[in-house]
Amino acid sequence: MHVLPYLVAAYVFLTGCYGLAASRNLIHAVGCLAVCQCATYVLLLAVGYRDGATAPVFSDVKPGSRPVVDPVVQALTLTDIVVGATVTALLLALVLQIAKRHGTIDPDELRELRG
Amino acid sequence: MTRRTAPRAFLLAAGELLAWWAGLALLWLVLITTVDTLERIVGASCAAAGALAARAGRRAVTWR
Amino acid sequence: MNGWILAATVELGGGGAAALWGVATGPPARRLTAQNLTTSVVCPALLLLAQGYARPAYVDLALLLALLGPVGTLVFARLLSGEQVSGPNVRGATWTAAGLDAAVVVAVCAAVGPGRSMVKLLLIGTLLIGGNIIASRALAGGFRGVGGG
Amino acid sequence: MSDAVTVVALLLVAASATAAVAQRDPARQALVLSFLGMVLAVLFTVLQAPDVGLSQLAVGSALTPLLIMLSVRKVRRRGRTKEERT
Amino acid sequence: MNRLRLGLLAVGGAGLAALLVAACLDLPDFGGSRHPYGDRAVRASLARHIANTIASVNFDQRAYDTLGEMSILFAAVLGCVVLLREARDERRARPEPAEVVRPVRRYALLVLPVALLTGLYVIAHGQLSPGGGFQGGVVAATGLHLLYLGADHGALERVRPLGFFETADSLGVCAYLVLGAAGVLAGTAFLANTLLPYGTFDTLSSGGTVPLLNAAVGMEVASAVVVLLAHFLDQAVEIEEEPGR
């Protein structure tokens, strides 16, 4: 249990990398990149977790009455998710542009076109 | 729209907006925990925005 | 560890695994149905967790999911409407999920007691069950009249 | 014992990530990705990060699927019009 | 070629996996009780009467980072607008209006204002309960697109003046910058939260500039998502290539 979340994060990252490398469709590759990003969220939040603690949001608990988890990594993860969503959108726009210019979104066919 | 039906249409529009506003303001009061003056002001303006959006959406859909 | 979290664990373990199996395998129509049912599995789990951690603030997550989950299903129903074969008979699954949602909402309401947070829970339940039924209606041919638009 | 829910959420995340990568068709992958988004939101709640869970729900349940499905539709429509012309 | 690539991937992946596992075993244990930065962040947040520590980290203690995040979002939306614009060899074809069954249409019309209000609630209570400008902005913008799902693209276009949302997007970024610069003018530092009184703990006006920055981010995100989806929808539904090319 002490390392399970970290191992899951590593596994998810490697799975996403495999999908990126083996992908035959650029939209599918963008989805695999989103999976890779999920690994970073899991890793960051696992680092900040504390056993038996609750969220550092004091709208419904009294400050100091319960131990709280680390808010800094949560803020980092929040930024991570925003940037991840914008990266997905920008990459999808690029894929559409590639589809328009080259008529295909298969990476292998794209390589043949160039060579 | 003729001149005679104009006030009627106006009343209908105002009624629709007011109904949506009341419902959404009630929803805001359900969502929040502590009620104070600023909370009421913000809630009322957000509910007004929601009511305008509701009417605009309904008009857009039954346009044709 | 209390009963609420145990219930959430059981629900997530059983319902989540079943929904994942349904989403990842089989014909497109079944995948869409399973995606719709995911909302009704995850949202009660969030409510149970909020109750288990004694944090009313966590209920906001369930509210957002009850609003956006059916919207996500509508996205798929709308944009896959070209290839989607006619919807299977999912009435049983839909009503089972609705019953589960209602049971969880009623249980959490009973624990919370009357007040503003109970109204909020009832609102979440209404949005969840209504959205679920509408989304399954949309899957069963609600977008049949939609052309390329 | 109180870690059981964490373990279940982590295993669901790992399994759905695998399933998302294993789908070859982007539309079907988008379905699994929306499932992954919801399971991640549960995991974040269990790890006591409701803010992060909220933003994952907002992005993962409707926005990302909508973007991916719109891209899929655009690419398919291009393919169709080209076939009609040739 | 393909087999070679997969072999290379397997070797690299195995190496990376070994390194990652070694790193995981060396990380502090999951659930440990030593979080020096977290404890300090919570103390700083409580000193400024902000109930949601994550909002305090995002908009007060690390507000400069959020400025970077905002500019990434702004730049990405700008990039998408440029990439997805209507090119010279394309034309618009209006799709015929769609017929959606009545329950779905009514559901969309009823839930649209509720989603909008919930989004605004999440933005406004960002510094109190879980939520904030980003989450609420995305919810509000997604709620607006129920009009596309429940009716058609034409209906959405009638209630969505795109120029207005483009302006609101830029205004949100500008408001954030101006609020930051106000700190400089007041004699402290850029984005320093010393301008306004901290208010009563756990009320809407607590936290100095945090609620204002939060609202600016909410406006920016909501309009950015609307603009982004507008261009994707245009590409998917209306724009097609000029025939005969």
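Here the chain labels run A, B, C, D and E in written order, and each chain numbers its own residues starting at 1.
Going forward, a residue touches a chain if its C-beta (ideal position, glycine included) is under 8 Å from a C-beta of that chain, and two chains touch if they have at least 3 such contacts.
Predicted model, so just to flag it, every value in this text is computed and none were measured.
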| item | value |
| --- | --- |
| Chain labels contacting chain A and also chain E | C, D |
| Result of counting contacting C-beta pairs for B-C and B-E, higher pair | B-E |
| Most widely separated chain from chain B, with each centre as the mean of CA atoms | A |
| Averaged-CA centre spacing for the pair chain B and chain A, given as whole angstrom | 39 |
| Euclidean distance of C-alpha centroids - chain C vs chain E, Å | 24 |
| Averaged-CA centre spacing for the pair chain D and chain A, given as whole angstrom | 11 |
| Chain C residues counted as touching two or more neighbouring chains | 53, 55-58, 60-61, 63-64, 68, 71, 75, 148 |
| Numbers and ranges of chain E residues touching at least 2 other chains | 52, 54, 97, 108, 114, 118, 122, 125, 129-132, 134-135, 139, 142, 145, 150, 202, 228, 232, 235, 237, 241 |
| For chain B, residues that touch 2 or more chains besides their own | 27, 31, 33 |
| Which chain pairs touch, all of them | A-C, A-D, A-E, B-C, B-E, C-D, C-E, D-E |
| Chain B to chain E touching residues, read off their complex | 20, 24, 27-28, 31-34, 36, 38-39, 42, 46-47, 49-51, 53-54, 56-61, 63-64 |
| Residue ranges of chain C touching chain B (in the complex, touch as defined) | 56, 63, 116, 119-120, 123 |
| Chain C-facing residues of chain E, complex | 95-101, 103-104, 107-108, 111, 114-115, 118, 122, 129-131, 135, 139, 142-143, 145-146, 149-150, 152-153, 237 |
| Interfacial residue positions of chain B with respect to chain C in the complex | 27, 29-31, 33 |
| Touching residues on chain D, where the partner in the complex is chain E | 50-51, 53-55, 57-59, 62-63, 66-67, 70-71, 73-74, 77-78, 81, 85 |
